[in-house]
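Listed after this line are the structures, all set down as structure tokens.
Common to both upcoming complexes is chain A, partnered first by chain B, then by chain C.
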Partner chain A sequence: MKRRDFLKGCMICGAASSLGISKKAWGSGSFEGYPEGMGVLVDLTRCIGCRSCEAACNKEQQLPEPKVPFDDQSVFEEKRRPTEAAYTVVNRYEQSGGPVYRKVQCNHCNEPACLTSCFVNAYTKTKEGAVVYNSKVCVGCRNCMIACPFNVPGYSYSSATNPVIKKCIFCYDTRLKYGKPPACVEICPQEVLTFGHRNDLIKIGHERIRETPDKYVDHIYGEKEVGGTGWLYLSSVPFDKVGFDNTLGNEPIISNVKEFLGTVPMVLSIWPALFTGFHLLSTRQKGHGDDHGHDAHSKSEQEGAKK
Partner chain B sequence: MKTFKAKGVEIVDSLYKDNGKKKWNLMEKLLLGLTPQQYIAQALRNPFNWLLAVIFAIGIPIILGRFIFGLGWVTHSSCDYPWGMFLGFGLFAMVPLSSSGFQLGTTCEVFGRHDFEPIERLGLLNGLLGYLFAVIYLLVDLGQPWRLPYPMVVSFGPAAVLFLVAWHVATYLSVQVAEVSVAFFEWIGFPMGKRGVRKITLGLTVAGIILSTLHQGALGALFTYAPGKVHPLWYSASFQWLHFFVSSLPGGLCMVIAVSTIARKTMAWRCGEEFKDNLDKLTIALAKGASMGLATYLTIKLIAMAHDNKWEYLATGWGQWYMFEIFFGVILPLGLFAYAIRNEKVGIIRFSAFLTVFGVVLNRVNTAMITFNWKLAEREIPHWREAVISVTIFAIYIVVYRFILYRLPILYLWKTADETVEATEGARVPKKAILEEEPVPVGTYRTREERIIPAASFSSLEKN
Partner chain C sequence: MHAMRNWLIGGILMLALSAVPPVCQGMNMPDSITLDSLVQLYDKVKFDHAKHINLIKDCAVCHHHTTGTLVEDPNCVRCHKNSSETKVVACKGCHSSQPFSAETLKEKQQGTKLYHQDKPGLKGAYHQNCMGCHTKMGGPTGCLDCHKRTKAGDALYNSGTYAPQKTQGNAAGHGH
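For the complex of A and B:
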């Protein structure tokens, strides 16, 4: 093989392969969240488990009628998670001081793992702080479900022709966009949910803790967790007792992946030179080693055919 | 097949039949030079084909059902376990077992080790088919498989590792098609195409190395998105991609040993002399490579353990399962390889190659399914339909693999024109096939793009 031919081949393939990753670098930059982002402060100490928020969400998002009506308390026997049919669920945790209820929905992370893991970029973090998604491009790899540290996104498995990701969108289309609080917040009779700028909510949270330190655990869940989330929680019992994962750490999920992404340009730039070098070194003494095995036959085949 | 060969039936192994007088036509080539009756007779005689028939009879309708009724019908449609067997086994286990393509390509083309050539094509084909079927598993698993090209043309998510995987697997698949096409061009009789590909072989090979390093690693990096969900023993933020990449090396090599063992046993009639004579030697050589890979893998596994200080987990039930995987998948084959290489015991090498393949598969399935979501109380057992589909696709993989090995010059050498072969007795030309009575002069190559008809892949040949 002539060296020129080799280089040609190398370039064709190199071009093809780098096309995929050259745009990579900018995607992995860190993202701090929008300063004007909105959020919701959830005060678990106030929640009575009435499930009105579930009902309001169901109506607002036009979800299917649930099997068990919203005033039925039997659902608390099990721990539920958000699904395609319910973007938010309330779970009950029996504690020594009585039951504690916890509303689960998308936390609208500052640096959403779902967003960074999606290979068609279906997710968007809007400037209002909502994490929304474009179901028109969702391929259905369900990587975002793997990535979400809070196990939020659901998938409409039941649909054969158009299954997509389904999750809480902070009522973005119908409310948040117009500055209005989401349906679940508005309906809550106990004022468990406080809607506002995330920065203000953090202040409010700390204030509540300072005012009644006996009532609260001195921590706002979501202030720092996985890079900070739009929805924040106050609790009277340790968070891991009521279904929160305390082991997530404060680094956004994408930080784990950066180490690998960092090696990509390195491999791309060093490998071709390295292996071309190997090739030249190892074939120099042997001359052109093309006439072996299968090749030997092909040559004589061509010659034979010409005769 | 052996019986036919003994009877003097000519098996296609060059462009010409009857002492180079006549050219095989495509139909004859597809039937290996047998008459349709002979072909069907030998296919029916093979009990393995009956087993396949049963699998297909059950599996194919279920695969169709998956596309009619949706994923919810074949899986438990769990939001906590979004990835089931199709990806856990199909994608994550098939890809590392297919790293043989780039490794043998590198050995032969880059390092100029032409002594590996008798097995190079098997390595390349193993790579191609492994990737192809990994993609097929993926297509079954994707919610909307018809949107698979989206990350390439419609919407880019370049921060996603999966984006990189998609691009690389797609590019690498084309690279591999080009590499294997050499054998196809020989078989179909299109030397020009072959020469064209040979020219860029080295470029293709180097591209293969780059792409493979990256996406083998990327499959591991996919799990770094879920640090809280993968069990710490199978997880390491800094080393995950290295673990996947390094373990894919022995995985791929051992898969070639395993496949060559099976091929040598079940289709000896198709194996060329060169392949047969060199196989033992090559198996030992491959095993040397594999044990180097295994040793490296074991080392970085231990480094990662020490780095993140995870020793305490070993005392748990998960830890025992982990040690089972490491012992049977890594340490035991490593020891067996060392012993067998020194004493040239090829049988033991083959056995531990199967063990290594098992180890790599177990590692991927553990990471993606068994230990995934270890903090959740419930473990998900895949739906039976999911299992049936996985088995069926694997059976299709075997059939396609065999179909190609029977025909293309992978295990044997394509004979040159001047070598003579005994005449066929009454090899009849099927009606529809194109009649080519005279040897066709060079230059009139027909670009017959007739694809392999699926029906043909069912009728398979007898074990000899």
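For the complex of A and C:
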């Protein structure tokens, strides 16, 4: 067999098998979230910017003391994002009809990009709907910070020796696991935050829009975005006016890499066996069956080069 | 002197009575209500019921469909067109202080009720009702305008005596 033919054969076989696998195993539908998964419906029209949720989160998660008291409204002068010291922040957006406040925290995606991007498998999507992480295995690579479409994970930059990812975990350890709402939901005076089964919250959200169509934009942000999120939002103003990214699309982030990642196990497991087989076949044909080591390989290569 | 005082009291009473809108006359209503069932981070609220009655006149503005003018909301009218006043008029008679309890969530999930799925809890009902109107009517809207914060509240909000020290050591332990 000519060397060129051999390589050609390998290419064809490889391409054929990778195509077959990607169609069969990875062409399945997207994950719609656990049926028992919980969520929170955030009604922006109700928020008064009291920052109680920030205070409750700080105490529940035993976060460091804030720089200014939680009843200080001066923080609204700039747009903040969640950090290692604050898993949730409220931002203010001046609109024609008065200020609109928006709470930011992890949205607990059905198919989290952070989970997909983590190569040490630190992240878990629990059946209760929370996206939690194991900081003991986190190596601090910050892939998840880049992968998250909502810029949520914070990083413990303050730690010189063991910096890890820090983010909202839906109060999983202390509350959600026991069927209780997270601390922010419980403290909210205006019931901006409605805790419940995600499926029920979607119905409630659509019902609010149907009952008072003049009050809301006809859209629940998070119902479909990036494959659906556990936290859902209703707003009276277009979502992009209050800091939401309207360009994310409905495909989960994992869809961008599913096909590629699907071929990785194939390459790692099948290719070595396949190529060893080819190698054995090609060397045996030439009558070197009893001598197929490095010598045989180099010999056949030399022969190939001569031809 | 005594007679004078009696006259005065009588006069004040007459004035007060005439100030009560006719819809509410004869009804057994408290002039002041202490809202204290949720006291934890904030102290109780002494709600001046009489003042609000004089200001708003129509009971149904706050008590929506339970008393005063009956159901008007087009969404409710479809079923409750002929519904009469309810026995329970207090907020806490219908709005639960535990709106996200396991039982409530289970009930919602089973979907036994066609409507009334989205009833706010007691804290939400108070604040949405009061704040909603106060915002429109120019009433007080600050947290401390209606209720004092307790010591536990100060601790939670890192405010008052629990306020962070501004001078030094604050930056330590915080990421930049």
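Assorted remarks:
Basically, the second predicted complex is superposed on the first by the 228 of 307 C-alpha atoms of A that agree within 3 Å, B and C clash if a C-alpha of one lies under 4 Å from a C-alpha of the other, contacts with A are read in each partner's own complex, and residues count from 1 in each chain.
Criterion: contacts are C-beta pairs under 8 Å (C-beta built on N, C-alpha and C of every residue); 3 or more make two chains touch, one makes a residue touch a chain.
Since the structure is predicted, the reported quantities are computational estimates derived from the model, not experimental observations.
Judged by the touch definition given at the top, the superposed model places A:S158 against both chain B and chain C. In the superposed model, A:T83 lies in contact with both chain B and chain C. Comparing chain C and chain B on the residues of chain A they touch gives the larger count to B. Contact with chain B, but none with chain C, is seen for A:T116 once the two complexes are overlaid on the shared chain.
In the superposed pair of complexes, A:Q73 makes contact with neither chain B nor chain C. When the shared chain is aligned, chain B comes close enough to touch A:L268, but chain C does not.
In the superposition on chain A, A:N250 makes contact with neither chain B nor chain C. Contacts of chain A with chain B, set against its contacts with chain C after fitting on chain A, overlap at residues 83-84, 154-155, 157-158.
By the touch criterion given at the top, residues 1, 5-14, 16-17, 19-21, 23-24, 26-28, 81-84, 113, 116-122, 134, 137-143, 145-147, 149, 151, 153-155, 157-164, 245, 247-249, 253-254, 256-257, 259-261, 263-264, 267-268, 271-272, 275-276, 278-279, 282-283, 286, 289-290, 292-295, 297-298, 300-302, 304-307 of chain A touch chain B in their complex. For chain B in complex with chain A, the residues that touch the partner chain are 15, 67-73, 75, 77, 79-80, 82-83, 106, 109-114, 117-118, 120-121, 141-145, 147-148, 150-151, 154-168, 171, 174-175, 182-183, 186, 191, 194, 198-204, 206-207, 209-211, 213-214, 217-218, 220-222, 224-229, 237-238, 240-241, 274, 375, 409, 413-418, 442.
Residues of chain C touching chain A in their complex: 41, 75, 99-100, 102, 105, 108-109, 111, 117-118, 120-121, 123-125, 127-128, 131, 141, 143, 156-159, 162-164, 170, 173-176. Across the complex, chain A meets chain C through its residues 46, 48, 50, 52, 55-56, 58-59, 64-71, 83-85, 154-158, 179-181, 185-191, 194-197, 199-200, 203-204, 207-208, 211.
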